[in-house]
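I'd like to ask you about the structure that follows.
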Amino acid sequence: MTDTPELVTALDLPAVDPLPPETAKYFAICEEKLGLVPNVLKAYAFDIDKLNTFAALYNDLMLAESGLTKLEREMIAVVVSSVNRCYYCQVAHGATVRELSGNPELGEQMVMNYRVADIDARTMAMLDYAVALTEASAKVTEADRDILRGHGFSDRDIWDIASVTGFFNMTNRLASGVDMRPNAEYHGAHR
Amino acid sequence: MTDTPELVTALDLPAVDPLPPETAKYFAICEEKLGLVPNVLKAYAFDIDKLNTFAALYNDLMLAESGLTKLEREMIAVVVSSVNRCYYCQVAHGATVRELSGNPELGEQMVMNYRVADIDARTMAMLDYAVALTEASAKVTEADRDILRGHGFSDRDIWDIASVTGFFNMTNRLASGVDMRPNAEYHGAHR
Amino acid sequence: MTDTPELVTALDLPAVDPLPPETAKYFAICEEKLGLVPNVLKAYAFDIDKLNTFAALYNDLMLAESGLTKLEREMIAVVVSSVNRCYYCQVAHGATVRELSGNPELGEQMVMNYRVADIDARTMAMLDYAVALTEASAKVTEADRDILRGHGFSDRDIWDIASVTGFFNMTNRLASGVDMRPNAEYHGAHR
Amino acid sequence: MTDTPELVTALDLPAVDPLPPETAKYFAICEEKLGLVPNVLKAYAFDIDKLNTFAALYNDLMLAESGLTKLEREMIAVVVSSVNRCYYCQVAHGATVRELSGNPELGEQMVMNYRVADIDARTMAMLDYAVALTEASAKVTEADRDILRGHGFSDRDIWDIASVTGFFNMTNRLASGVDMRPNAEYHGAHR
Amino acid sequence: MTDTPELVTALDLPAVDPLPPETAKYFAICEEKLGLVPNVLKAYAFDIDKLNTFAALYNDLMLAESGLTKLEREMIAVVVSSVNRCYYCQVAHGATVRELSGNPELGEQMVMNYRVADIDARTMAMLDYAVALTEASAKVTEADRDILRGHGFSDRDIWDIASVTGFFNMTNRLASGVDMRPNAEYHGAHR
Amino acid sequence: MTDTPELVTALDLPAVDPLPPETAKYFAICEEKLGLVPNVLKAYAFDIDKLNTFAALYNDLMLAESGLTKLEREMIAVVVSSVNRCYYCQVAHGATVRELSGNPELGEQMVMNYRVADIDARTMAMLDYAVALTEASAKVTEADRDILRGHGFSDRDIWDIASVTGFFNMTNRLASGVDMRPNAEYHGAHR
């Protein structure tokens, strides 16, 4: 964030300046660990309370203990974002799928059409459930949950699948609603 | 929550027992202020971190300072939940629209077809934007945001409309994905 | 209907004045039995032949002898009107479901998402058929009718389900096409 | 209706036998005037009250006095039935459009894609309104009615457009719901 | 093609004049065999290379050796064109289905709703696959191909079904994209 | 194509062996110029006539003289394939957009949501037309073509836009219908 800050959304909502020490430290850690501060965090930085509640929810869903691996959660992220055609989330989380899986082709498949991916039936069922919830959540019934249980998912796993699916249905609307732009670094990463 | 706790979701995820003191206090406050503990909070009570991050986000979006009134935010909540046909959210937030507006008919209109409501053009534009983001977020462009600006919404207001819209697109998927059931008390309230 | 008649549609089509004696008597019976003259009848009163043919069809479908109970027919009415998001019909027939079932929650479920209702498999199959006919009638085949037969519905019952489903697909278009407004009394009734 | 009656629907609902004198006379008139008894009437003949209420509504909408010509009403019939892909109604009313217009190509266009027809802007607006009501009635608003008014349609005309549109949305569901089959004679007629 | 050439598309793209001898001969053969030069060929005649590549593909797909009969390929043509509501292709290939089958009703059913046709389960499965590919090709999976194999279709047959389905998804977009008009002679043919 | 040929489709359709000299030469040229033989050509190689007619059409549409640049035609290819979520075509033509534009981000935008791309209004109008034809070709009218003309596209350009749009609507169905797999080399190319 230099003299001419890059555009991160279509809205004129500048970050608080200077950032509070805790936020500055958080961004520095991102820079160090990821090589960048994700634009979604910069976009939220106009209101530190909003930034913190968003980051807390993100960390709980995507990084905390779960029966789902981090890669599984990221695959849900990309598939949901593909259904909704969210540019920001497909770019950012597509890169993470490539990174976590070490399989660039898998990342592309989650973006383009997850049904062609060479994944096991359990993972496909998980993604099918995420897509069903994304496309027509009101039509999901106990029969759909029983398919997941038949593949060995626990009720807690089902909660987590629904929560991650819900989360990206939220961020997709926010990102598209404000035209959020992904960091350029994601495009070439882990290819 | 007595001997036979009512069913709040289709999942077997019992609340931590006993609840931590802060959570117990939070639930007691709900009981006192609202006459009930919203089932969504009971549903989350199997994991106190998840409960807290959800509650923090909810409070920031629906109760904190915003250019949107609380009623406007609740109208978005119901209209989004109507598009997604989420039973829990239509019931719970429909009751709040009836309460805040003192107009039971308005609550019904948000549930059944917001386009018939006798609301001003500015409010209708806000709901149209929420619906566009809900139905096909990828098709929303700057032209849609300019319609909002033409009705006097600031860029910060647009962020808030997109955020509230996103939030209920999340909760709708979670609620339908776990078959969350609303408290029975909502049905007759504020009729 | 006093000096300033309430608005029942967006069209300028005043009732014939005075009403013919038979119509006046019919309206008086409605007032006595229901406490109101349904606005759909007032809307049709600009042409007594149209009013009479509509009323005759309504009475035959919803009140005459059938293998379907009156409550079952009203449940179809609300579910079809929910798919089509018809404000008038959801309000008026939602009230009737609440009245006939003595279960306000059931009325709400028919409006908001019938799939969450605690109804038996036979009734759910009936509503699924009504929804399939409403959403994509050309895709309904003998396999769908065989599901109904498997739940014990006779061929005459299938005719009645299709007829009632068809009828509300008609009234939903008429009501939305002329912006018909429901009587205010329905909103608070049978809550 | 001889020894082996042709199949008119997928349901086992034989006509009352013998037909009441008035019905027999009505069918004889059809035979004389049209050269056939429309299968929809034979299908209804298991219950003479239902037959009579249906016929009365049909006659009022399609044959009685209206600002819309009979051809205009039949064009709406076919276009609505094309959106819903109802085999019975496209066949039967397609033949009538060919007959009334003396233009076989127009009948095909109403069935296949009304937007390619060489009709005036007023007629196209009428059909656009019928299609909007058929595809998504809840999204129709006063702005749509004002387009009709701008083309010279009166409020009474708008009622009739909405009524005819609604009627075929009803019959399409009934016909598809019971697999009603059109009389074979329609296919080659007025080509 | 006389002084006032008939309009074949909405574009101002006159045929090369004079036609090269080979093209003139090809058109003369069409005239002799079919009684007309199909308008699609006249439309392409502004560029002889385009005409030739189109005709070569058409001939390979629709006329060359295949496990599918010519009638089966024409049925796919009409059903795909019906899903896409392409006026040109429904008219031209509907006539061919009537001709090849000697069954005018079958031609109408392919246009109006193929699901009502009295065809065997194998043919219906073929058309279901063509429709699935047309409506949502990305959702087609190996399970769909296995249904075809279960009806006795070879892998080569599946290629041909997919190719013919694809071809009409192409021509439907081209025809609608340039408003291509069918030869008037098709309408009354083989009724 | 060595001892264990890679899988290019889900169908068991081996290439003719040995390839005819002209085809072998064509494949050798591909290998030399592109570094690979596109899998679509290998897939077609079970029938040399089909291969040749496909290649001729491809070459005419994508490589021959046109008012559209090669990049513009490739952008249409990817955007159409994104609407249809065709894995093969998004991968192969996404790589070409990256190559021809020298802008990897543009390739991603065509795949993920073309509406966010920073392209001029003329190019956006071209892609909007391609998407309209892909999603609902029957709803495209002269008004849509006039928008293109207003941006300076000639009638010949409109033909080419419709043709390229149609072509990828064909290949998308074929590729998904046979589960065609793209060459692995595309994934990392031109990033």
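Note that the chains are named A, B, C, D, E and F in the order they appear, and that numbering of residues resets to 1 at the start of each chain.
Heads up, the rule we're going with is that contacts are C-beta pairs under 8 Å (C-beta built on N, C-alpha and C of every residue); 3 or more make two chains touch, one makes a residue touch a chain.
Keep in mind the model is a prediction, meaning the values are calculated, not measured.
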Sort the other chains by how far their Cα centres are from that of subunit C and give me the top one. F
Could you check if the interface between copies subunit B and subunit C is built from the same residues on both sides, meaning over half shared, or from different ones? same
When the centre of a chain is set as the mean of its C-alpha atoms, what distance in Å lies between subunit A and subunit F? 30
Chain-centre distance (mean CA atoms) for subunit C and subunit D, in whole Å, is 22
Centroid from C-alpha atoms only, then distance subunit A to subunit E, rounded to Å. What do you get? 44
Centre distance in Å when subunit B and subunit E are each reduced to the mean of their C-alpha atoms: 51
Residues of subunit F touching 2+ other chains? 85-87, 113, 138, 141, 179
Full set of chain pairs in contact is A-B, A-C, A-E, A-F, B-C, B-D, B-F, C-D, C-E, D-E, D-F, E-F
Tell me, which parts of subunit B touch subunit F in their complex? 138-139, 141
Subunit E residues within the subunit D interface of the complex: 82, 85-87, 90-91, 104-105, 108-109, 111-113, 116, 179, 181, 184, 187-188, 191
Residues of subunit A touching subunit B in their complex? 10-13, 46, 49-50, 53-54, 56-57, 60, 64, 84-87, 129, 133-134, 137-138, 140-142, 145, 155-156, 158-159, 161-163, 165-167, 169-174, 176-179
Which subunit B residues qualify as touching subunit D in the complex? 113, 115
